[in-house]
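To keep things simple, chains are lettered A, B and C as they appear, and every chain counts its residues starting from 1.
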Amino acid sequence: MKSATDKATSTKQIYLTRRSPNYWRVTFDNPPLNIFGPEAILQMKEIMAALETDEHVKVVVFDSAVEGFFLNHSDFLGKLDDLTGLPSGPTGLQAWPDILARLPRAPVVSIALIRGRATGNGSELALACDMSFASREKAILSQWEVGVGLVPGGGPMARLPRLMGRGRALEVLLGADDIGGDLAELYGYVNRSLPDAELDGFVDGLATRIASFDKRAIIDIKRLANANSLPSDVEIGAGWDACIASIVRPAAQERIKTLIERGFHKSGDVEERLGYYIGQLGR
Amino acid sequence: MKSATDKATSTKQIYLTRRSPNYWRVTFDNPPLNIFGPEAILQMKEIMAALETDEHVKVVVFDSAVEGFFLNHSDFLGKLDDLTGLPSGPTGLQAWPDILARLPRAPVVSIALIRGRATGNGSELALACDMSFASREKAILSQWEVGVGLVPGGGPMARLPRLMGRGRALEVLLGADDIGGDLAELYGYVNRSLPDAELDGFVDGLATRIASFDKRAIIDIKRLANANSLPSDVEIGAGWDACIASIVRPAAQERIKTLIERGFHKSGDVEERLGYYIGQLGR
Amino acid sequence: MKSATDKATSTKQIYLTRRSPNYWRVTFDNPPLNIFGPEAILQMKEIMAALETDEHVKVVVFDSAVEGFFLNHSDFLGKLDDLTGLPSGPTGLQAWPDILARLPRAPVVSIALIRGRATGNGSELALACDMSFASREKAILSQWEVGVGLVPGGGPMARLPRLMGRGRALEVLLGADDIGGDLAELYGYVNRSLPDAELDGFVDGLATRIASFDKRAIIDIKRLANANSLPSDVEIGAGWDACIASIVRPAAQERIKTLIERGFHKSGDVEERLGYYIGQLGR
């Protein structure tokens, strides 16, 4: 494999580390906010292909090197064409939903280690992982999009009701508020929330354990569980199309503009307490 | 719209209040027990039509003005024909299941604010809402029907397993016991249970927040989440048919008669601790 | 009915007790480990047929007479042909998955009372029951199979994601660790975990309550809830086939052999802390 992360360029935002041939880590490192733009999608695409084709990897942990942010929303300062112009993937879906549709079907166990904000793309990635564990004190999950008149594009309408039931899913999606570790655990948004001091050890222990098991048995079990728990690519695609359609509407454009004026996309309170600030936009 | 609640008649049981063009409240007010008979269904039908067609409403909260009862079971003192003779609705289902099939698909976010007993119809309405929040101390949810030999008619066999998994759903349906706020939250029967003193403020805050968001984005998100989380009308109809068939069976008629003799349909202990009393009928 | 448990033979491993015509108990009693081999499957098959055909039984509770073990894994010292050579059942599935496919559809409410380890078959039986209640202190649930390179055969890939969502299901299946009462309740693996001293009384009270209700209403409610919550027989069959295929692979044979050398299939630490020991095999 020739990974984006092997290139020594200034745009490197995602690091792939092989703790062993069986156990990989993928670390989001785009300070200060871990915003997730088109370049990051391209890097994820190469990592996705590696996870699908490597014969040895059994488990991959996604984590962050950026204080306060696991993985953040899309880049709203760039051009929309930079996102929608990315080549489609093997599923026929556009680049980001393509990756999210493939990750749960990949022959490797994916685990999200969530410390800091998992906003928008970050939440969507966690939901596409096979498991997720959150810092009780420091994790915040958020599908914030409706707050600026957007429809989320990476599948949460498809995944959240299956995970936590319709009522709690609609609260996450339509309340669009910041959700901390305790509530995320109660709702089943994550597998479990652990005390921050225990999170790294727990996830590393679980990943090491799974990496010691037989890959063929892992694949068969995952494939059979997937049969009744995954949305179709068509359903994921419908969500993406609704997202793209929503971005260009005046209601969204105006709210995004106002939010940027208030400090969105910059280090500070708006990014840290996004749930609060989107609740002020339409009043 | 010309609503049933606009008519000043002595039979008015449901009040519609517009806190703003975007945020409505629907209040059940049929003291002393908030029993839900055919007249209330007709009033709900008009409110349902208004929720579907109004261009401005984004969120509706259902609550109660009757101490101790959010919304109660059907009227067992009236004639069955008064219920089954109501005209069918647009879905082709009879009046009550028609309303419950339409509410989750309506272009408005529905929230149940549960204080007091949500027995039978009350539980069914809460399950058809997009979200529900309960008083930790004062909410009681109950699908009590099997206790008198009945099958519930308003969809809980279709909704509960999707919401909380098959095992807990069957306990609710076949144990038929009173379920308080803590257990309702643990099982995901409601989104959350809150301390009674905080419930009104929390729900009002959430409703006000959602009412500030863009209606088009709300509708698209709800539509996409519905695609994988709602039962079909056929499934709802099958439950209704089983309910109607069960009412006329001697096993049900005898148990209902005995329960009425013990105080059912009157203010007092039987209505307040229905779970206990139905457990005594068949011994 | 003429049950296997009516035969006074030295191989009797499962006892059927009729507390009343409406309320039966089925007790696993194969000391010291409650291992579940082909003979036990035959005994369960007769009990299954009785549950399906008896006109009076409304509720059955499965429990254990063996200290420390609710119901354990398959017999790995016997020949595979003794298992796969059992005659298929009415569903067309092999004997064990046939029983597990029929139990949730049977016209009787099944409740698992879990005290001690529910490992492999024990977890699968609990998942096929309509409800399950666990000892908070003494229950341990485990789908341990991937730890020895096996795919579980009795349906957990089909049932767990529907019960607790995909993420937690994959953790149970691919982490393969021992899961105690608290976590089992949090994940919805069981309906509830109760203090050990209260468990028997609670389950007996619930079973007695359900046994007092009308059988016809029970059946109709269960049938309608099943319509949206059960996997197809084909899905159960696919899991079974993957299990049988996995057993003969060298990866599994070697791990099982090593585990037996370390104390598997004997009273002691390996059986009691199986989750720990399978985590050591591949390192």
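Here is the rule we use: a residue touches a chain if its C-beta (ideal position, glycine included) is under 8 Å from a C-beta of that chain, and two chains touch if they have at least 3 such contacts.
Everything numeric in this text was worked out from a predicted model, so none of it was measured.
Visitor: Cα superposition of subunit A onto subunit C: how big is the rotation, rounded to the nearest 5°?
Guide: When the C-alpha atoms are superposed, subunit A turns by 120 degrees onto subunit C.
Visitor: Note whether the interface between subunit B and subunit C is symmetric in residue numbering, meaning over half of all numbers used appear on both sides, and answer same or different.
Guide: Looking at both copies, the contact residues mostly diverge.
Visitor: Please compute the C-alpha centroid of subunit B, do the same for subunit C, then give the distance between them in whole Å.
Guide: 36
Visitor: Would you mind listing the residues of subunit C that make contact with two or more other chains?
Guide: Within subunit C, the residues that touch at least two other chains are 162, 164.
Visitor: Quick one: in the complex, what on subunit A touches subunit B?
Guide: Its residues touching subunit B are 145-147, 149-152, 157-158, 160-162, 164-171, 173-177, 186, 231, 235, 238-239, 242, 246, 249, 251-252, 255, 279, 281-283.
Visitor: Mind pulling up the subunit C residues that touch subunit B in the complex?
Guide: Listed in rising order, the residues are 104, 109, 129-132, 162-164, 185, 188, 190-192, 206, 209-210, 212-214, 216-218, 220-222, 224-230.
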